[in-house]
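Each chain carries a letter (A, B and C) given by its place in the written order, and its residues are counted from 1.
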């Protein structure tokens, strides 16, 4: 099973570098630079347009769309709306990154509204964010919440069923589910937690992988696994999160299929 | 005297790493990424919410609040207002970074209005910004102004008295005053002047240190001293401001109490 | 001919470091940090003010003005307007970076409107952007368009004639024209294409060079050549676009006149 995902991951990587898909981002002002650079490093083309006067036209040219709620406001939400509609009509995948859901009502309700009125292909978030989207008393909400009672893998599966979408809950172990299957990714590095934008970059990669592979359970597991492998290798070369940030782009840029396949630690149940 | 501040600085650092305080930033689009990464590197949690629909709720969960006027606009000012009120009610420290005060009327008057209608725990700025806030003909205003007639330490003390707050005037030597005492910090490196966001990062650290230590004269001197020591060590490892930027985060992340205490050059009068 | 430009480039570099010109940017949220850091690295002072309530006052103090349309919106456009008028009245050069022109109508028409109602000293863009501004059926439009039929050097000259301004079309070879002369710059590195903000940084350097040298054909060729030389040297020191990003700032900061002059590969026709 592992080998199937590893092979898939390698094939998607080659496809991205060959096709150079265009990934449209409606994202936040804190990590937009990282969203763009991670997309470029892997071999795709990022584009960042935010205004309601152009997001439809830009989305119409894109191969996938990222909606990242990191610094949301009414204008940005309107643009998410317009872009999402075009993406849905065109049939390109929309990736939602519900940054900070659970931390404020505004974030939680915006993310839920997007999920209820738009077809989202993939949600990527941490435990706290995903718990907030579920609104299930069995899960504790909040940015740094730990799930009690139920496991994080249950959370991924529940969220996937509720929203009929692929869900990636990233953390020490990453769980990806389509409501039926569950993939665990054991790659990664603790420094991803002390680098702002690591989650946002993971979402950009999910969008990039999904733009060239229709099986979004597989593409998402591949994206998360790829990012985790790169983080592990980058971390070995440096002594802290600053250089790690930059070397991570170098490793992504230089990643070869052999290293990727031999380093991936994924498991499907 | 030096040793007291050095010990305090070490204790605050350990407290930050243990408590992992949440630092809410209302900040600018140029250096928001640096604000977040410096806060993470030292062991705290940054959060960046800008919209008036959520800043109150976010501030209510935070341990301190940074108001950074780097790219201000009416929406941002309204959010500063709302967040500041909550912070004052809750009793968490508010740190004002009056970026570019003196360069435009809009910046100067916004900073002054915030100071007149909100309780600010700490103001951190350079000589030009602080002079502008004083509006005192004895001090020359402007971004790159040099104070003539009076010394920079006088400026720190005057500003502190005027606004009844702790003031840090950063530059070649940094001066921190509560209107009565004056602390001089001799640590630092010239490259901090050719790295955008160095001042903003210093303000994030002031907010982080203040979130775990009630004596804000001490916490601010400790934050500024800590940043200066890290800059000195980072500068020795690189050849220019680009890698310095990233290695600075690594040094902050790895700083140990012994190195910190032995490197601090602070003096209280 | 080459030597004349090389000497000019060296002289401008020295002048920048001596005068420390103030470069006002109205720019985008993705690469604003890079705009600021490249301006600081070369020895100038960047300033980033966006609000209509202050851009006029800020521009009045600046030595040149960058209008970068990377993440444009109605507020930003209004600020471009106000700042541009002041810059024209004051006689300081205005540099337009029409990011993404051709990708959406909003971008194309905004760039054209700015060009028709304001005196622009220099336009810097890639082939796709510049083609879109020409609206000439002989040139194919679009972000990644290749020019067919006519050469890129023709494009630079046509755009320069049409808009009566210096034009820099950057790519594998960079072409700079004032409508009469054409300068080709052969310096550069492919990684500039996989680093977001490389074009934006080139525009900041064009503005910085133009702020101290009235011959904008020469100043622009010098800026583009300088950036290309620095990219070549930086690329040799690293293995990917992440560290390249930071080392580029180090190389810019440390560039000496001898290395610059001996490395420039420029040609005037």
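In this text, a residue touches a chain if its C-beta (ideal position, glycine included) is under 8 Å from a C-beta of that chain, and two chains touch if they have at least 3 such contacts.
In this text the structure is predicted, and so the values were computed from the model without any measurement.
Taking touching chains as linked, do they make an open path (line), a single closed cycle (ring), a hub with spokes (star), an all-linked set (complete), or other?
complete
When the Cα trace of chain B is superposed on that of chain C, what is the rotation angle, expressed as a multiple of 5 degrees?
120
Return the distance between the CA-based centres of chain A and chain B, expressed in whole Å.
33
Where in chain B do residues touch two or more other chains at once?
Each of 29, 33, 243, 245-246 in chain B touches at least two other chains.
What part of chain B is in contact with chain A in the complex they form?
By the definition above, chain B touches chain A via 29, 32-33, 36-37, 40-41, 45-51, 53-54, 57-58, 61, 75, 243, 245-254.
Would you mind writing out the residues of chain A in touch with chain B in their complex?
Touch residues, chain A against chain B: 28-31, 33-34, 70-74, 100, 103-107, 143-144, 194-197, 238-243, 245-246.
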